[in-house]
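Got a structure for you, questions after.
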Amino acid sequence: MNKIKSLEDLRKMKQSLEHGMNIREKSNEPDSLVQIRVAMATCGIASGARTVMNALVEKIEQEKIPAVVTQGGCMGYCYAEPTIEVKVPGKDPVVFGNVDAVRAIEIIEKYIVNGELLDGIIPTNYQSINEKQ
Amino acid sequence: MAQYKMHLLVCGGTGCRASQSEQIVENLKSEIKNLGLENDAQVVTTGCFGFCEKGPIVKIIPDNTFYTQVKPEDCAEIVTEHVLKGRKVNRLLYEDPETLKHIEDSKHMGFYQKQLRIALRNCGFIDPENIDEYIARDGYAAIGKIITEMTPEAAIDIMKKSGLRGRGGGGFPTGLKWEIASKNKADQKYVVCNADEGDPGAFMDRSILEGDPHSVIEAMAICGYCIGATKGIVYIRAEYPLAIKRLKVAARQARAYGLLGEKILGTDFDFDIELRYGAGAFVCGEETALIHSMEGHRGEPTVKPPFPAEKGYLGKPTNVNNVETFANVPAIFLKGAEWFASIGTEKSKGTKVFALAGKINNVGLIEVPMGITLREVIFEIGGGIKDGKKFKAVQTGGPSGGCLTEKHLDTPIDFDNLIAAGSMMGSGGMIVMDEDDCMVSVAKFYLEFTVEESCGKCAPCRIGNKRLHEILEKICGGKGVEEDIEYLKNLSRVIKDTSLCGLGQTSPNPVLSTIEHFYDEYLAHVKERICPAGSCKALKLYTIISDKCTGCTACVRACPVDAITGEKRQPHVIDADKCIRCGACYDKCKFTAIHVQ
Amino acid sequence: MEKFTIKIDNTEVEVSKGTTIYQAAKQIGIDIPVLCYLNLEHLNIESRPGGCRICVVEVEGRRNLAPSCSTECTPGMVVNTHNMRVMNARKTVLELILSDHPKECLTCSSSGQCDLQHLSQVMGIREIHAVENAEMSTYRKDVSPALKRDMDKCIMCRRCETICNDVQTVGALSAVNRGFMSVVAPAFEQDLIDSPCTFCGQCVAVCPTGALTPYDDTAKVLRALADPSKTVIVQTAPAVRAALGEEFGLEPGTLVTGKMVAALRSLGFDKIFDTDFAADLTIMEEGAELLGRISKFLAGDKDVKLPILTSCCPAWVNFFEEYYPCMLDIPSTARSPQQMFGSIAKNYYAELMGVKREDLVVVSVMPCLAKKYECAREEFSTNGNPDVDFSISTRELASLIKSCNINFDLLPDEDFDNPLGESTGAGVIFGVTGGVIEAAVRTAYELFTGKKLDKIDFKELRGLEGIRMASIDFNGTMIHIGIAHQLGNARKLLDGIRSGMYNFHAIEIMACPGGCIGGAGQPLHHGNSKVIKARSEAIYREDSQKTIRKSHENPYIVKLYEEYLGHPMSEKAHHLLHTHYFEKNKK
Amino acid sequence: MSNLKLQECHLKTIDEVCDSYKNDPGDLIKILHKAQTAFGYLPESVQREIAKRLKISVAKVYGVVTFYSFFTMTPKGKHAISVCMGTACYVRGAEKVVDEFKEHLKIKVGGVTEDGKFSLDCLRCVGACGLAPVVLIGEKVYGRVEPSQVKEILDSYTD
């Protein structure tokens, strides 16, 4: 370990370290954040949910978007896997189907950041998986 | 730091470790490795989550899933189900005692909803043995800012404005204490952290040191800068091996980063800490006794003044604060005195950590804003009384405190209100009693502790507490008389009035407050010879309900003193004079024919 | 010095900064009762643990009561020393102390002398609450040849601990255990005889109760006096005559030499002799030894051991045997006056009178408890018969006189018997710090220089300072002298010599504060150090009234050498008047 | 109390312990901690040696040893049983657990069984209040101990 020689160094060091902790920081304040849940059941993983998740996490980290990515079980939309659920504070949750890495970035940029509506929302009969259980 | 999508936080506090949490960490790690998830999920050993009742705890980030009473054999399921497939393991989720529903995440648990964590901000959140995690959360930013940008006077000013008062029991304003120590000139001064936590039933200091040692180290350095000390000493109970270990690791890491030692962060400020071990003497919580103990003597207090701020360790000005007080300090500098002062009541700012224990559903460590009511603490955070029994009293302040009753349930908790109610904040023990607890016995229990822990230096504490205990024993033993209660009261007042140190000055509080709030219970003991709670053995009255008695003679054979007589197949009777209240008949009777009063 | 005014019991008093409430009250004649507090101001000894809480007073604006012995006055302070709250607290605390104290005042050896007993009298204690079934803290009792410990009576005033550690630096005692069972004791609560205890007895001198008391042989003395087959003679140490009167209500500092002799005669002692005679003899031997060593040193002998240390004080002998075993060859080998007397009595005098050794009983009256231990040392007996049979203290003599219906006040002044009763002023001043060395100087000067002293008083050697130093001009040769009283000061002096800080030819050491006049066998000073001062003045008064003031001029001493011993340091003198020392830790 | 006849190796240990704190009397308590770790208890002989090295009176050392409840002059049993007597444990029945141990082992609190297998002590809050009442045997922690389990727990120590 090298000595930290100044307050400046300490601050830099903090910046380089904080992204590793971001996930914990964010989960500490879940209600003020955009919550993105990736369906990670067998069907999801088989259709590439893990790639989607990686892309989301990376993008959020890069752009410093106040969002947290979690994984969930099967939402019951196996035909449309990979699916992700996005909950922006103050709005009802929305589920996107057939998401891939490119679309994932698009969802972030358009829906989350700009608040535009996007195609591919799975409508109406949505029920949170946890309520079903 | 590597980027993980999921963090599995496992409690590594003493309580959870006692239930194999280390094995849980091992198992989780190997399961994750088996499934090739080591780049996605990270297992972190953290400090205490506070929810000790249901330990060991595994918390999963980012969704705050809160698994309770996890066993090492549950780990495979957690990893394959939750980590891999995102499906929660329902049976391990916390079950709300009222609705009997599983709660999804910690944010929805009553236990956490009303808490506000400042002193415990990093406990159960970071890996206490990894300084990087502390730095990532603005660790050492406060000391950095202070020593590069502020004068000691300005820093002390912030402390004074924050309104922080000592969390060890006395409630003395911390900023003022620092100011006094800073004004006393000397070639060497000392910062002492009192970690000789001794209240039976209070363990917040241990939890902080186990879960967030760096914040205490940082705060001690801040204090050092403010008062002009370069040496810090942590006086810690030898019975806290884990806290000692974590503190040592933290100090080593801080030294390696140059955050302790000479010329910290390139400034002219030097500061380092060392550890001293307590050896099992409650009185060493008193600052003068603590200082004598650090010097290698018997931990006997001396008359104040002189206060440690003038003449302390090795005769030098010394500032003593306890662990929880220190743990608040970095947060005050990071978020500002105004922020801190905005929390709490008029004269008690910020939060207080309490150790909830006793007949309560959620035993554990909680941190709540000053001014919260007992009702909120006991019934919302604590989840109410165990087994649906009736709340009777809550004892705060440990052996120095008193009992609060139903009528205090809506009193906002702060230093002054507790004292006004005849108790005190103390270090924050909160023991909840239900209808089965005899208040005379409770007072007796605390006195037993004080008698055991009195140093013996001054007569009122050495002999007085012994006599209080003897009288309480006499009352519990069914031999008390009404005058005893008056004598208890007078003796208690004199002990408080004349004892040398805080131990004796507060030790009669449990007696006085139980007499005040439960006078009838005392009277019942001495006049009617009844223990209304049914807990004093000598006052139990065993009788046989003749309607239920079949005359099977099982009780006759069980009775060791031949106190039971009766014809076969006829109802028996117990001779109360012969009966020694052993309860053997009660245990033997198959027909619940023995009545105990 | 900053001064300000405070109010005590509605009376204003001006005090200087640092004054305690207790002291301030005393200034205006208010005697707040104390129990653990001890302040021997003339001797620089203070112990105020603030533990007994008897001296509490009410200070306006303060939450609890304040211990007046250790609370300093602050400007504008308003103090109440006897309102209801204070009186109730004080009485209750005293009752508590009594509830853990054996109620055997009738038979306690400290009865009438006990501070606790006195206090409960003053406070009007008539009953003790909560004693029914009250547990008492009890400890094993310990009887040593010099003192007895009955710690059931200990009230944890910690005075003995302060004296033993801070003043005497003996370290035999410490507070042990915790809480209700805490007590002051030697390590492992063993017997004192197995501890580093020097039997100086200063713990006894300050004990406010009967927890620490002298080992008492007066019953044996009475039995010997009643035995017609025994010839019982008595020697009295110089310090006794300056203090005995206090036991009979006389002012401290009253000399009662003549009455004391009369009382002893009336008690039935066959001969009343004086330890002062033996003190003169000691000077002859020790002086010769000193001169011998100095002459050798001046002649260039490198092996000569200097400084020479006095060896009259048995507690001091015990102390260096315990702590300075490597310096055992430095002290003078001369026995103490008590033992020189015993030896001369049982040999020379017994022969002179034609009495068999075992029929001669030698009793000493000493201000000292360590003398009891000293006379029991093996090297001071022949065939199991000790040179001094019994050593009793000043206080014990007083109680003996009282128990034998002797009205001390009405006694006439009588003289000592001869030959062992004749003494000089030099012998008298043995009883006070600096006295032994002054006596030695008076003789050594004349023997060394061959000149007569113009001025017999050496004021530079007197005083109550703990460590004193002086250089005396022996006709051109400067003799450097060091003096220490209290063993802690002795230790400082010795450590200074070891480290080469000091260079002395001779050093006098006495274990007790003020010398033998402050011995533990003397009437209790009850914390009043003026008493010690008054006794010291009395001793010098007696000296100045003597016609002969130099030991070598004592005619009976001259005769003793002529008839019996030959000359100082002769073989016979060596055999009878000198001793050797033992390393105590060789166990 | 039981004493220990010191062998050469014991003296060496004491030397090491005292040297590691430069024979500083101010570190007496640390030294006693270390010595107790090394010997399991603080016999008279060890205290005497420590006093000698630190140049303080043995009475003082003994005074310190007897003040702190952590220090002991009796060797512990092979399996040291400590019952937590913190308030939380007390309220949840620790006293009954102690009584049960006392009865089974036929020793008092602070005592050692004749065969030296078990010793029984009470200690202050260990801070595992969630598991009250708590019993420690050696390093092992037993939580939520019922008096009825005591026999079973003791029986599990077969060596």
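First chain written, first letter: the chains are A, B, C and D, and each begins at residue 1.
Assume a residue touches a chain if its C-beta (ideal position, glycine included) is under 8 Å from a C-beta of that chain, and two chains touch if they have at least 3 such contacts.
In this text, all values refer to a predicted model and were calculated from it rather than measured experimentally.
Enquirer: Average the CA atoms of each chain to get its centre, and name the chain whose centre is farthest from that of subunit C.
Expert: A
Enquirer: Where the CA atoms of subunit B average out and where those of subunit C average out, how many Å apart are those spots?
Expert: Using C-alpha averages as centres, the distance is 54 Å.
Enquirer: I'd like the Å distance between the centres of subunit B and subunit D, where a centre is the mean of that chain's Cα atoms.
Expert: Taking the average C-alpha coordinate of subunit B and of subunit D, the gap between them is 24 Å.
Enquirer: Report the inter-chain centroid distance for subunit A and subunit B in whole angstrom, where each centroid is the mean of the CA atoms.
Expert: Each chain reduced to its C-alpha mean, subunit A and subunit B end up 39 Å apart.
Enquirer: Can you give the whole-Å distance between the Cα centres of subunit C and subunit D?
Expert: 44
Enquirer: Multi-chain contacts only, two chains or more: what residues does subunit D have there?
Expert: Counting only residues that touch two or more other chains, subunit D contributes 63, 67, 69.
Enquirer: What positions in subunit A touch 2 or more of the other chains?
Expert: none
Enquirer: Multi-chain contacts only, two chains or more: what residues does subunit C have there?
Expert: Counting only residues that touch two or more other chains, subunit C contributes 175, 177-178.
Enquirer: What is the complete set of touching chain pairs?
Expert: So, checking each combination of chains, I get A-B, B-C, B-D, C-D as the touching pairs.
Enquirer: Mind listing the subunit B positions that touch subunit A in their complex?
Expert: 1-7, 9, 61-64, 84-88, 90, 104-105, 107, 125-126, 132-133, 135-141, 144-145, 148-149, 253, 256-259, 265-266
Enquirer: Applying the document's contact rule, which stretches of subunit B touch subunit C when the two form their complex?
Expert: Touching subunit C: residues 281, 298, 300, 302-303, 305, 451-460, 462-464, 466-467, 470-471, 474, 487, 490-491, 494, 496-500, 505 of subunit B.
Enquirer: For the complex, give me every residue of subunit D touching subunit C.
Expert: Touching subunit C: residues 1, 44, 47-48, 51, 56-63, 66-67, 69 of subunit D.
Enquirer: Spell out the part of subunit B that touches subunit D in their complex, as residue ranges.
Expert: Contacts found on subunit B: 14-15, 18-19, 51-55, 198-203, 206-207, 238-240, 276-282, 293, 295-300, 314, 355, 357-359, 363-364, 395, 398, 429, 431, 433, 437, 445-446, 452, 455.
Enquirer: Enumerate the contact residues on subunit C facing subunit D in the complex.
Expert: Spelled out, the residues of subunit C in touch with subunit D are 165, 170-178, 185-188, 195-196.
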